[in-house]
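After this come two complexes, each holding subunit A, first together with subunit B and then together with subunit C.
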Partner chain A sequence: PVDRANLLSSASSSSSLSQQEVATKIKQTHRLTVLLKHCSEQLLAEYVRHQGEPFSSPDFQPPAMAVPGLPSPSVPPEAWLALSDGKRLWHLAAAYTTLPGLLGSVLQQQAELNPLASELHRQLEAAARQCRGLAGNLEGIMGALGVPGPPPPSSSLGGPPPSAFLAKLSGYHVCRLHRDWAMRSHEALGLLRTKYPL
Partner chain B sequence: ISPQDPTLVIGSSLIAACSVNSDLHLKAEDLYWTLNGRRLPPESYKVLNGTTLSVALANLNGSRQQSGDNLVCHSRDGSILAGSCLYVGLPPEKPVNITCWSKNMKDLTCKWAPGTEGETYLHTNYTLKYKLRWYGRDNTCQEYRTAGQYSCHIPKDLALFTPYEIWVEASNRLGVAVSEVVMLDILDVVTTDPPADVTVSRVGDLEDQLSVRWSSPPALKDFLFQAKYQIQYRVEDSSEWKVVDDVGNQTSCRLAGLRPGTVYFVQVRCNPFGIYGSKKAGIWSDWSNPTAASTPRSDRLPGVCDPKSGEHNTTLRRELKQFFGWVKKHAYGCSNLSIKLYDQWRVWLQKSHKTRNQVGLPSGFIPGSLQGPWLLARWHPDTCPHPPEAACFAPGHEAPRGKQHA
Partner chain C sequence: FSWEVSCLRNDKSQPTLIPLTPQILNLSADFSTYTLYLKWNDSGSVFQHELDASWQIQILYKETMETINYDSKLTGKDSILFWNWTSDIPLECTSYYVKIRCYINELYFTGRKEWSEWSPVRTVPEKDTKPNSAMVFPQDKVVLVGSNVTFCCLYNEGKSVKFMNYGSESYPLLRLSKWSSAIKVQNVNASIPSGTNILCSLVPDDLEGTVLFVGYAPDTPQNLNCETRTFITITCSWNPGRPTALYTKRQTKYILFERISREKVTCKVDELNEKHHCDFPVHANQKIYNFTLGASNPLGQAESSLLIDVNQRVHLETPDKFTVSTNSSTNAHLSWYIPGNFIKIRLLCQIEISNSNSERQLNVSMAGAENSNYRARVDALHPYGTYTFRVRCSASEYFWRWSKWSEGKKLTTLEA
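For the complex of A and B:
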């Protein structure tokens, strides 16, 4: 008979974190979401600036787009708050393991469409990096709380390069979703912080 | 929408068509077009069939953004159905004004300017290429924008004493343009670092002089060259630099004729001419970082010299005559500079009574209390744009001589 405690602790190395360490990690991650919230707003503004009208107009209404692999915050806001912490973390982790690849594709497309927009390129690259960081942090927290993680993202979108207009549109969607998820993650980590105070 | 992402020359026309899927239950009459957010007039629309609407665009302007103009097909309620990006511009012009320089014969940096039109509205890619004149292979420069937007840097593997051919290719969606070929030998375009250890110090108590010293740039120590230097200096609150040009292969220089009690900024630069015995001048280095120093403050009231007692009159007259010579020599570009020696101020006052309002008195001057002799220089700013700078001659010191001062 195998000791059950041993099984649990061997399942993930970080499950041996103390309550204190978990709380610290949550606080740290919450601060990361503050940064992400700010940067994702800036990124969206910078992005639309370079695509021209109608993207840059304040009342821009993009068509709903089915871009494969793109996780929209599919759970509506009220239901989101009703989820358990574990479920919320699961959704966030799923989003943040997919976003870096998508932001990378946008960067590639913008390198072609807007070759001189170095600030935009820099922000896209930074956004992907920040998402990877957040994904790593979430993995650590979920491990400590014993929450199973989501499956790894499917391999990057293959297929022919989209037309210029479609590239502008899908890039817009990615940047918008990046911002929406940043707001959601900020909210979720805030809730978690109150539950695991230092 | 078709066509997708067309590239067009400025002024051309285009007909685009928007086709909707039948399962959207939209008719061609329900659609409208916008270009960069602005609605296109319905007069330019044409219904091609039940589900296809075309639009005719004429005399297109250059693309508003490099990512292409957004031509969008909307349904009646404003929602976006499809889009296409238009790239409207001009083919590139031949790049011009290729200039290159080599830092210490180790590398080569070239810069150029886009052709006269400049704005092609399309993203233009520039490639700098070079090859040795008498060997076949073309090389492509890799490090761009090192010295401004239109520049490239070749860091190594450059041969000396043999000419290179250098040219720039510009390409965009509408075509390619190649510049004229420039031929040069690395040794003819050598520049170097600015002189090191620039120090500026006072010359004893002399109120109008500063001594500048520097060392020659070390990188060219073994390359048998003759350096030329240039010094530029300005007063603290002016942006106008004065240049001292004919500073030869020396490492110090004395500036004279400066204003007392003033902070000056000084810079030096170097030209390594005659590398390996060539007769050609090199390229001037950057200016050294500005070094500041101040001339000693004059203890006297500005414009006023110490009154001397009667016994010293003759010595003073002689010294003032020396000063004459110096002032006349250094009021360059001056015609109608009048310098007069007066034994008594009072005499001058009487003489100039009629023309007093033409003379500007130095500030702080108290005429009644002073005797003579006095030196008065008068000039009109139009005929004498660069009056001599010295405000006071220091008796007992020789007037500055030689080419070293401005």
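For the complex of A and C:
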């Protein structure tokens, strides 16, 4: 309650949205995360299907690989829940302003490696679009709640990867992080929704 | 008969012919083809006449050694000799040490003949001499289906290989050096579009890999056909034949070369499309075109040829803007448009006239024009009769192919 009170008090001063409108925005965004969660699972499955073994084997667990600009949601659940609503929103916004550029880079690489995989290309495009949508919603909510936005994103995976294997591996990590962030955003918006009921 | 022996060791008891120690001028490597290139001076000017010389080239790699014999002819002058050798494993996998020695088979020399000293060793310094980061080689190689390929994994000090997989299969590890292990894969199958993955799992917790693209050389382009639709361009189409399993930057590239004008066109083909085609400009005063379609990819090339007389390969576009009209009870006026420049030829057009109980075809010949409308009149129609008309055309003098039929147009003649 204290956390929400602080947000509300700072919100009312900084935006014209009424509390009803903020709650509606949060509900819409939560629905978007449901879609994102489902689609990100599908995307990861479709992605590994086209990279060949061992990517496509269920027990493929490569060591984590840092993806430039995209933090992994490595904050353990308890610590994540202990964060303030504003801090959580900030982390989500940072991830979702970066993901579209990364997914765009993966799409470029896959168009080269898997030119026939039109369904994978379509899902990558849709994922980038959904991430942009979620980033926009998050920005709206943060503005309404008076939470400062994240820094501008570093747009993509950098230049073309030095090899086909690294292209496959970095693409795999982006898709996996996309799924992890979708699960985390779904959880965070669910929490926010309980605090801002309609 | 005299020869000057500059490398003769003047051993009073028995003269011995020992060639000068050769000097390697250059040792270089082409990693993409696993080939070493050696260059040295044969010091032929030491002798006044032609002599047979034998060389031994020793290559030390992977803690084993390979000795190769090579013969040449000394010609009384210094000659630079070139020789190359292709390894069965990527050059990056281990260091290569090369040295060379010489033996002169002087038939008229009655004394003992011995090999020269070995030349100083030359090395192609490689990544396995303390690689700065783990890597797997070869990187993104393209090979033919059925090839045998060796992959090596280079890793830093303090690391070791847990396993190396080709696709989903684990292979026995071959130790190349302290920082390099390899696997040998036999008779590889065609890979998926994104290539077969080779994984090197390292202890404590690292993963490196590479991708192998396995496919076929291009097939001979099949059913090559070239025709003109507009007398502006000639369109050649063909069937690529057996798929190569290689895509995008490894896909088959096609070049259409015309021998008479010596002009060539790089064809843009859509690898997702079964049928390929390519446009070549019609030249003002050229009738005969001698085409060669070249297909090439990283694994090989193939070609097909076709000689045509462009006037005999006219395949008109579908007649467009087809209209029918009448102001009488027994005839009708037809008009249609065909794109293209047919000034030099006559056209043959076939008009189909059908009604509920009959169908007849009328052939009309007319002068060709440029991007023009064409007209015809159909007579002997019945008064107040309802007819459906459509038209198709072809070259008149040398028939090659009809165009498609135009759309059908219905008309009712006036009452008598």
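The definition used in the following text is that the second predicted complex is superposed on the first by the 176 of 198 C-alpha atoms of A that agree within 3 Å, B and C clash if a C-alpha of one lies under 4 Å from a C-alpha of the other, contacts with A are read in each partner's own complex, and residues count from 1 in each chain.
One rule holds in what follows: a contact is a pair of C-beta atoms (placed from the backbone, for glycine too) under 8 Å apart; a residue touches a chain by one contact, two chains touch by 3 or more.
Just so it is clear, the model here is predicted, and its values are computed rather than measured.
On the superposed subunit A, the two partners subunit B and subunit C do not both fit; they clash.
Contacts of A:Trp80 after superposition on the shared chain: neither subunit B nor subunit C is touched. When the two structures are aligned on the shared chain, A:Ala164 is found in touch with subunit B and with subunit C.
By the touch criterion stated above, A:Leu116 is placed in contact with subunit B and with subunit C alike.
By the touch criterion defined above, A:Ser57 reaches both subunit B and subunit C.
The intersection of subunit A residues touching subunit B with those touching subunit C, taken from the two complexes, comprises 50-55, 57, 62-63, 113-116, 163-165, 168-169. Listing the residues of subunit C that touch subunit A in their complex gives 136, 139-140, 165, 167-168, 191-199, 205-211, 213, 247-249, 271-272.
Interface residues of subunit A facing subunit C in the complex, by the touch rule stated above, are 50-55, 57, 62-63, 110-117, 162-165, 168-169. Of all residues in subunit A, those touching subunit B in their complex are 50-55, 57, 61-63, 113-116, 163-166, 168-169. The touching residues of subunit B, when paired with subunit A in their complex, are 1, 4-5, 34, 36-38, 64-70, 72, 78-85, 123.
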